[in-house]
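Two complexes are shown next, each including chain A; its partner changes from chain B in the first to chain C in the second.
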Partner chain A sequence: MSASTDVTATAAPAAAAAPATARRRAHAAAGPLAVAPLLIVVAVAFGIPALAMLGGAFTTTDNGPGTAVHYTTGNLTASLQGAYLTALLGSVKLSLTAALISTVAGLLLAQAVVTSRYAVLRHAVLSASGVLANFGGVPLAFAFVATLGNAGVLTQHLGLDKAGWSLYSFWGLVLVYLYFLVPLMVLTVIPSLDGLRAQWREAAQNNGATTWQYWRHVALPVLAPSLLGGFVLLFGSAFAAYATARAMVGASVPLITLQIANALNGNVFAGQGNVGLAMSLDMVVVAGLVMAVYIPLQRRSARWLV
Partner chain B sequence: MARLIPSIPSIPSRRPRFGRGAVLAVSAAYFAVPLLAAVVYTVDDPVKGVTLSAYTGILGAGGFLPALLLSLELAAATIAVVLLILVPAAIAVRLGGSRLRAAVEVVCTLPLVVPPIALAAGLTTVLKWGPEYLARTPFFQTIVALQNPGFPVVLVLAYVVMSLPLAYRALDAGLRTLDVPTLMEAALNNGAGRIRAVTGVILPNLRGALLNAVFLTLALVLGEYTVASILGFQPFTVWIVNGSASAQGPVTIAVSVLSLLLTWALLLVLSASGGRRHTSAPASRNTKGTT
Partner chain C sequence: MSSSAAPATTGGTSRRMQGEAATAAQEDRQDRETGATVEFRQVRRAFGAAVALDGLDLDVRPGELLALLGPSGCGKTTALRMLAGFETPESGEVVVDGEDVTSVPANRRDAGMVFQSYSLFPHLSAADNVAFGLRMRKVSARERRARAAELLELVGLPHHGDRYPHQLSGGQQQRIALARALALRPRVLLLDEPLSALDAKVRLALREEIRRLQRELAITTLFVTHDQEEALSMADRVAVMHAGRLEQCAEPGELYARPATAFVAEFVGTMNRIPGRTGDDGGVVEVVGRRLPVDGPGAAPHREVDVLVRPEAVELAVAEKGTKGAEGTARVTGTTFLGAVTRISVRLADGTLVKADMTTHTATAFPAGTAVTVGLPERPVLVDERRA
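Our next item is the complex of A and B:
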């Protein structure tokens, strides 16, 4: 703080003589100082745990705690075998399914809102989407349990249990995930739909195109980067979700997040103490791929839809 | 040509209008039914008929108030730290060069690459160093203090990291609508100090964006379960899950319904008050923005 007042004190007289250079100098001096607290906090609270996870994934103390640590790729190998591999694939399958359905449903809902004449509807859906996409987790899982669980209101009144329905299954989880994924897709795709120019549609119609042809050859290609980016974002979101699954299904659906939690609680085979960290590293790799695809796509969609 | 013109409007307007209604109806049902059914579940007792005992039983349920208080304290601390470190950085980015901007954006995007459960895994590893390696050093006391069950600072650190991507986008979207260099220069030329220029000129213009960042952080902390449960603390969400395991049935659902409704109400107030200028207000994950 004292350093920043110093900067002001020296900058003030100079500003009278040469305002532009003084301003630039003052800003340049203040920049790193203002950013420093952020960098320090992130280095401590994020950097150290991330490095600890990375290091732990490649080391083992398999002769018991306190013995010498040595390097190994055994944790990573173990994390890609047996029940752990099943869980990883289960997470990927669940996330792909939920993201695909949400992308289609989100696009339909967003298009219905964008083409509506009622500004109120648009405002309401945008606000609701912002809220629903950001807050769910445990309370949401329990709301679904009360609705469609074994003793749930709809299950009882409609006799769904006799029809073979179970919320604590793959499709049950997909249904719950849609509750926060569809709003996220609506938020992602509405700016792009707004960017579709009316002239493009008119041009297509003047050339005799049907609605289907317009979507197939004009709208969807223009929207493709934004849709794909949204899909990838939803995938990442579903892949990282833990609370919903933990509160709802316990362990009846194999998911990597549930396996990591299990391993961290000490439920592992002897000598695989760090397999939870190796699975975490697997997740980081997947999430890193997601971001590596998402960010360029987001830039690309910005090029067409200004 | 003349015959073509009347037929043009009829192509898009007929089928989609029916489709639009159907899409909206199905969506409304999907999003409303679980909440309504959960409310019915809590008030409908098979023996006594309609009763509010699930809601009146909340306060009496063991551990409810301490858990809620812990969540609120964690939220307040997280919000304070996030604003303290992020506001100066976000303003400096607007004043400074592109290298500074790139650095801050990378730092605020990195947490998205590490899912909460992976962060929790890393944190448990670090906390285990305490007894294993650091027992005779001053660091040991620090590690113990971080995990004080009354107020686990380690959770605040984790939540700060997890809020950064959301909060930074919210602040940056607000700052983008201001001409920060000109405002700062005007304040400095009028004799204000640097701190006063920020608090007196920039921050009042940022009220919407600040509110946005605060509410997103609040929602994140109140709803967070993963890190808290892995590290073994018991804020609100963890209490709900543990409560359902110990068969508090309708009370658990009642608490869930209340917390959903309250948080949604908070967030709606936010998007109604602060978000008017940028319609995608709480949608801070959407990097494109509409402004």
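Our next item is the complex of A and C:
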């Protein structure tokens, strides 16, 4: 009697545990299944092109019959010489300049919005920034050509052409890039500015700090990782921009994205496709270096500005 | 501060550090002489329709710790922030040591402040936080380091100078904040609910430490709190505020025993409201079958009033069979064990609930359901308008 009771007592929890274990297993399997569509998209849209770029950058194909493929570092070497190097440096210079100006301008604008007493201003600026940060390519180029191009409305009205102004130059391109980079910086930095505690300012004042000293010794150091993160984002955005530059300056300002397009299209020299892929790899390396700086700083910033 | 917060040191090192801390405290005290006086003169401040301070008049004596006590929105924090320079009064003056500082900017007020949420700078180490004010005053790096070390020793965290705020507990952060507030040897120390974010045990320990430091440094201190126990246990005097006005400013014992207003009486400690009726001249009130003198200037005659009585002043006795009158029909409804004391709830014949405190040993004679007589001592009582 007592034995049968024991058996029942131990069997009941075991029977109850079985469905629970099955549920846990099903739950564990559901996670990977849920992210499967994303993984597929990433594989198709990023993984395969990345592999193709990597493979193409380090191979060359013989002309003529047989089309034998050889491994080489010649493409990378070529991508870092002559006009290609000039284009890479031009892109870096343009991106650094546009990102730097946008970081400063975006910070000032965002601070003005954050400290404004008018909530409607904040909503308006945030909404406009959301739209403008995504306004690029040919439409943006056309808008500037119509306004500040050689026959643009403002150029004619203000006589800018007589003052030596040209939209189709390095600084013209910087100006156009600012149009979408400044709003992007505003969107990026506002959460960080919101995270600056009012009591830090008061504590600084209480310890004798002037407004300038507060910004110099407290606010900017605390914001530095976020600002650098925003700068990196802007740099990447400017570095990768293609359509706007293509529509505006063509070949007059050397940029890496335009050189890649030329190489892949064979517009200037035929058979430079793999050099174009090597230039793409150069861009990835530059972006990787920038991200290597950004990620640890972002982690630190997240801890401070909780 | 508590030795548990710091790693163990050798006896010699510990003695040397204690000596340094004592020297630092002594130097601070000498620099400050006897502490500053603080006066609020008819200070008014409103935020839109809400009046935060409504003609506040308050004097703080040199070297005393004065607690500003009151419910949320009573204006106590506004008063403190006004003294710190973070708020500007619409009218009135804030005076420190006879000098009108009303329009002096916050960074030149010479008042060290400790905030409720610590507010340490997250990118600076504990030592750099403490030395921040000295850095703003362009004090040399060597002097800054030495002063920070002295203050860290003073607050009991001599080995925590290299740590960052996120590596410190709440109590440790607040000690660093206290050290930072003292670094510039301010004339006045302002504490804005500095303990409210801490757990009970740390709060109790830090409460004692703040008091010890304040006494050692003899620094005039304003301490904002809504916790009456904190205020009564720490302060030399307590200023009770209500709706932007000062209700009463007195020593803790006097505040408890002789509250000036019904608000103070009910805000500080527990108070019974027992229905009564004033006599012919308003100087006497009839309550639970007795006639007691009214405390203060008296009330209007022949008025229904509430008599305010502390639970420990209520006397209970088991009613003998056949007892008549209002006091004889009261009945115990329950008891609450509070340690050495037990609180007994009694319902009077008219339905009023009265609390009476007595020693736990005595309270065993009054289980729920016991018929009791309720008595009050022959002492002046505070009366207030009858509450519906």
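Keep this in mind: the second predicted complex is superposed on the first by the 269 of 306 C-alpha atoms of A that agree within 3 Å, B and C clash if a C-alpha of one lies under 4 Å from a C-alpha of the other, contacts with A are read in each partner's own complex, and residues count from 1 in each chain.
Note that in this section contacts are C-beta pairs under 8 Å (C-beta built on N, C-alpha and C of every residue); 3 or more make two chains touch, one makes a residue touch a chain.
Computed from a prediction, not measured in an experiment: that's the story for all the values here.
Of the two partner chains, chain C is the only one touched by A:197; chain B is not. In the superposition on chain A, no contact is made by A:69 with either chain B or chain C. Of the two partner chains placed around the shared chain by superposition, chain B is the only one that A:132 touches, whereas chain C remains out of contact. Of the two partner chains placed around the shared chain by superposition, neither chain B nor chain C is touched by A:89. Of the two partner chains placed by superposition, only chain B is touched by A:298; chain C is not. By the touch criterion defined above, A:284 lies against chain B but remains apart from chain C after alignment on the C-alpha atoms of chain A.
Residue contacts after overlaying the shared chain place A:221 against chain C, while chain B stays out of touching range. In the superposition on chain A, contact of A:210 is made with both chain B and chain C. Where the contact sets of chain A with chain B and with chain C meet, they give residues 202, 205-206, 210. Within the complex formed with chain A, the residues of chain B that make contact are 8, 11-12, 15-16, 19-20, 23-24, 27, 30-31, 33-35, 37-38, 40-42, 44, 81, 84-86, 88-89, 91-93, 95-97, 100, 103-104, 107, 109-126, 129, 132, 157-158, 160-161, 164, 166, 181, 184-185, 188-189, 193-195, 216, 219-220, 222-226, 229-230, 237, 240-241, 244, 252-253, 255-257, 259-260, 263-264, 267-268, 271-272, 275, 279-283, 285-290.
Only residues 1, 4-5, 7-8, 11-12, 15, 19, 23, 26-28, 30-35, 37-39, 41-42, 44-46, 48-53, 56, 65-66, 105, 108-109, 111-113, 115-116, 121-123, 126-140, 142-148, 152-154, 178-179, 182, 184, 187-188, 190-192, 194, 201-202, 205-206, 210-211, 233, 236, 239-240, 242-243, 246-247, 257, 260-261, 264, 276-277, 280-281, 283-284, 287-288, 291, 298, 301-302 of chain A touch chain B when the two sit together in their complex.
By the touch criterion given at the top, residues 84-86, 105-109, 111-113, 115, 117, 119-123, 132-133, 135-137, 166, 180-181, 183-184 of chain C touch chain A in their complex. Chain A contributes residues 197, 199-200, 202-210, 213, 217-218, 221-222, 303-304 to its touches with chain C in the complex.
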